[in-house]
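First the structure, which I've put down as structure tokens, then a few questions once you've had a look.
We just call them A, B, C and D in the order they show up, numbering each chain from 1.
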Amino acid sequence: MRHVFEPSVFYNNFGPYEPVLYLQDGDTLVTPSLDARGWDAKGIQRAARGNPLVGPFYIEGAEPGDTLQVDIKRVWPNRDHGWAKTVVAGHVVVPEHAQSLPEVRVGTWAVDIEKGTATLMEPETVLGQITLDLEPMLGCLGVAPMGHQAISSATSAQHGGNMDYRGYKSGMTTYFPVFEPGALLFTGDGHATQGDGEIVGTGIEISMDIELTVHVIKDKTIRWPRGEDADYIWAAGNDRPLDGALQHATSELMAWMRSDYGLDAEAASILLGQCVDYDLGNIFDPAYTMVCKMAKRFLPERCS
Amino acid sequence: MRHVFEPSVFYNNFGPYEPVLYLQDGDTLVTPSLDARGWDAKGIQRAARGNPLVGPFYIEGAEPGDTLQVDIKRVWPNRDHGWAKTVVAGHVVVPEHAQSLPEVRVGTWAVDIEKGTATLMEPETVLGQITLDLEPMLGCLGVAPMGHQAISSATSAQHGGNMDYRGYKSGMTTYFPVFEPGALLFTGDGHATQGDGEIVGTGIEISMDIELTVHVIKDKTIRWPRGEDADYIWAAGNDRPLDGALQHATSELMAWMRSDYGLDAEAASILLGQCVDYDLGNIFDPAYTMVCKMAKRFLPERCS
Amino acid sequence: MRHVFEPSVFYNNFGPYEPVLYLQDGDTLVTPSLDARGWDAKGIQRAARGNPLVGPFYIEGAEPGDTLQVDIKRVWPNRDHGWAKTVVAGHVVVPEHAQSLPEVRVGTWAVDIEKGTATLMEPETVLGQITLDLEPMLGCLGVAPMGHQAISSATSAQHGGNMDYRGYKSGMTTYFPVFEPGALLFTGDGHATQGDGEIVGTGIEISMDIELTVHVIKDKTIRWPRGEDADYIWAAGNDRPLDGALQHATSELMAWMRSDYGLDAEAASILLGQCVDYDLGNIFDPAYTMVCKMAKRFLPERCS
Amino acid sequence: MRHVFEPSVFYNNFGPYEPVLYLQDGDTLVTPSLDARGWDAKGIQRAARGNPLVGPFYIEGAEPGDTLQVDIKRVWPNRDHGWAKTVVAGHVVVPEHAQSLPEVRVGTWAVDIEKGTATLMEPETVLGQITLDLEPMLGCLGVAPMGHQAISSATSAQHGGNMDYRGYKSGMTTYFPVFEPGALLFTGDGHATQGDGEIVGTGIEISMDIELTVHVIKDKTIRWPRGEDADYIWAAGNDRPLDGALQHATSELMAWMRSDYGLDAEAASILLGQCVDYDLGNIFDPAYTMVCKMAKRFLPERCS
């Protein structure tokens, strides 16, 4: 079933809140999202700044210990402008370099959702009106956290959250561990495009039209967000420093390769050693995100 | 001029040692290298294990404060087998996962240098005789370090070294800061292929045929290794944790974008924020390596 | 006023929950706590394991932006035995060392609350029945977190939490930022004693008798937990890696030295540079804790 | 035998250089040192800035795999003034705090070597002429590094080096692994006093009179610097981030407790868990230093 949803409640935490809609296994959710400051498609502020989320969506049948599959059918901006910060974060450069950074401003990008482009309007720099192709993605995607916690949409953990990973785009299938009955899915913080790491602290922030299909995978327990597309399987870890995020991501992908592809730890290691790819999600938020990927062409047949 | 060199001396440090050959600006060096344990193309051990290096090569005219450009014309294995460790390092997974890892073995890969493939021969695993395409690269490339130090070829710093970055392959142009007269170039530790991060502690280790062309760029001072190909410019940082490596790489690329492309810190930030890519070099060696990249298609004309 | 409280509700998160008791500025709270697995003074399990907390206590007059002062009048075990894990965490040793660690067991310590000693009863080791002096402390102390979050009592942040800092003992005065009306104070996870860092993942875990006096400091905003005793002022930071925790602690102590002691950034730096002390709180929990301390004898008169 | 040495050669690296003096097992070395900028007791610049070292001293009988014991008999300033930087390093505070730090200056301290005090002369601040008790220590102490490396006296590793640990003071006994024949001992970079972490990048920098007694411990191999005094045994680790330094230090102290005190890994863990202390050496230099300590009163009899 396809649910066209119009959100009116927005949380700034991922938490065990009252569901805004109940979905069945296999249902599709169509919803707009607000930008990171709470502005909608019409340029009206609808919620407090700081990644206001749509949700939680209750998925019938999802129980703690299950896995929630979320197919990102479509993520696309629904208005003609986005905004972005203009200066790299002090902690992504060396301290002496940080001390010479200019003041952070908020720039404006004109977004052409037909052509799929974003054009820098402000500030005026030697870049002029540089135009980039859109690669729309969801900065926030996840479920209610472990142990009935309510965790800010500024950060991420095992439940997903504000991972700011470029992979959360149209066509990606993602998986989250279920910690609460109904899983309690949230999303928000759309970016028209973003560089690796979200190193200025924003992508091109914009409200989105989002279409997601949900499935409950019973009796399959995962520990960290996972995903796949036609070419890759991957796992994400969220932690500080990056090394910690990478440890979680690598462990989780190895676990997947072992449980579903029949590889023991040595075979998985041999393949990872010569073929692994890593993506940097974010290095801006309180927890950083690293993604560990394996190309499907190297893997044996999936056995489960 | 083209020098066909046959090495007989091998150092396990990058340091201010007696040059083995003098090159002119623009010369091309053709040399074999040993594998990480000191074995050559014929399967004879020629030096002590631990990344024995060929070099140092003295480049006439290079003075401290200059930059050494090294064009990697060709890196290709010169024998029919390589070896690789079989288990991911304990520090790339979470500690509880590390405790269940099997014992590290040394596997063998048959290398077909005509077809450009590597085939797993040992150990026997469910992977069978999996075959990978070669992506030959240099694990070690760099110059004599700052301050007359002699630094192990197991690690890396501002002079380059054991960066284990997949980008050091045929067709890449690289740059190193010059700290000693003549720069004193070294290379070694070839990998027939390698995954991101060198997370098992090796690529497919093999002896190589290497062809490098050197140029001295006078009065241009850089702080960290840089490189470029047709599509990207990049800078590398070597440090622990990964965050520190990323800080150096980002700062160095911003410096490059400012000095050579006419961008101020804000314009460089805007571009990096929405368009930067990061590669993980290694997360195995004492210093980890992150590479910060900018696609040339986004950059203004180079002005210097 | 002195409130002798008998808890019946226990949360495993610091969060904006219904208060269990209302206190006035200046009131004293006397309460028992459970041990980290939920057992009370009589050896009865009263709550789920994982640092069940007593609280939240609502302090009248405390508003977001104020500071809550908590004087730890007394922390002392209230039963005759505690327990502790027996093996250092895998992440406090190097990975190759971690792989040779034995299986974790739970040991037992006999606690003499009159004499103030703990004696190892199990396991049997060459240490025999080693006896330690008690230094009772609170592993968990803090308030409801920022932004209506509910954060596990396994970890810590700006609101305090599971800091496992040996300084939270009888005689210490502590300060927390107020994020919710009433501050919503929680405590628990008592340790009869503990080494720096809580590197086996526990102190000697035991139920406690706790006596705290609370004061509201209006219109004084702090960012991180602070404290003082006769000799020192200090600030704590909670983050990963330790470097991040140290950055927060140092920044917070400098802020305090500037606002209350009339020092500018240079004077504060000069004093810190030659006189600062750091304590390691924990390096076991999801956020690590570092404490930055300045001896009062070096400071000018407090001016505010 | 007692050697009163007058240095004339100064290296800025720890490396396998020509010895300046040969010592026998049990000999005592008396030598002055220069300050971190190369100035001597008379205020004359004798060497290039950047921690110029006295040494290397060759200790007869020391072979790779042995341990060098260095008893610090006396470290005391030999002139009436020292200098110190005035601003905390950008990386010991949070980035937004770093951006507001003032410019670094070099302050002056009058040192009374009779009374044992240092008095701030410049800059003028609200601290006035604050006077501190001297706690003189050696910023640099160590031997030639592993693998014939030459490593800058700005940093540290397994050979010791620029650890900037307050424990390197009169009365301390220290141990270093031997990597080169004769061990090749170096020292320098004296501080009249210093706070934990050397967070302004200097202690009160001053030339010293140093008296060291050396012993060779044959056939005892250690991996990292160790030490002891009447109350404690300790081990140091040097790495980034602090977590890495702590891992090395903890592993090394556990190894010591196992080999010399008859404890197995569980017994050592139990003791460390409840009784360990950690000191922060430096968090300024390229490698940070953490020290893991165990009070002797908790340890069984030493069995080797």
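Going forward, a contact is a pair of C-beta atoms (placed from the backbone, for glycine too) under 8 Å apart; a residue touches a chain by one contact, two chains touch by 3 or more.
Nothing here was measured: the structure is a model prediction, and the numbers come from that model.
With centres defined by CA atoms alone, the chain at the far end from chain B is C. Looking at A-D and B-D side by side, the one with more C-beta contacts is B-D. Between chain B and chain D the centroid-to-centroid distance comes to 34 Å (mean Cα coordinates, whole Å). Centre-to-centre, using mean CA coordinates, chain A is 47 Å away from chain D. Among the residues of chain A, those in touch with two or more other chains are 91, 101, 240-241. Considering their complex, residues 84-88, 91-94, 97, 100-102, 105, 107, 118, 120, 123, 125-127, 130, 132, 193-204, 240-243, 246-248, 250-251, 254, 262-267, 269-278, 280, 283, 288, 298, 300 of chain B touch chain A. Note for the complex: chain B touches chain C at residues 89-91, 95-96, 98-99, 101, 241. In the complex of the two chains, the chain C residues touching chain A come out as 12-13, 15, 50, 146-152, 239-241, 244.
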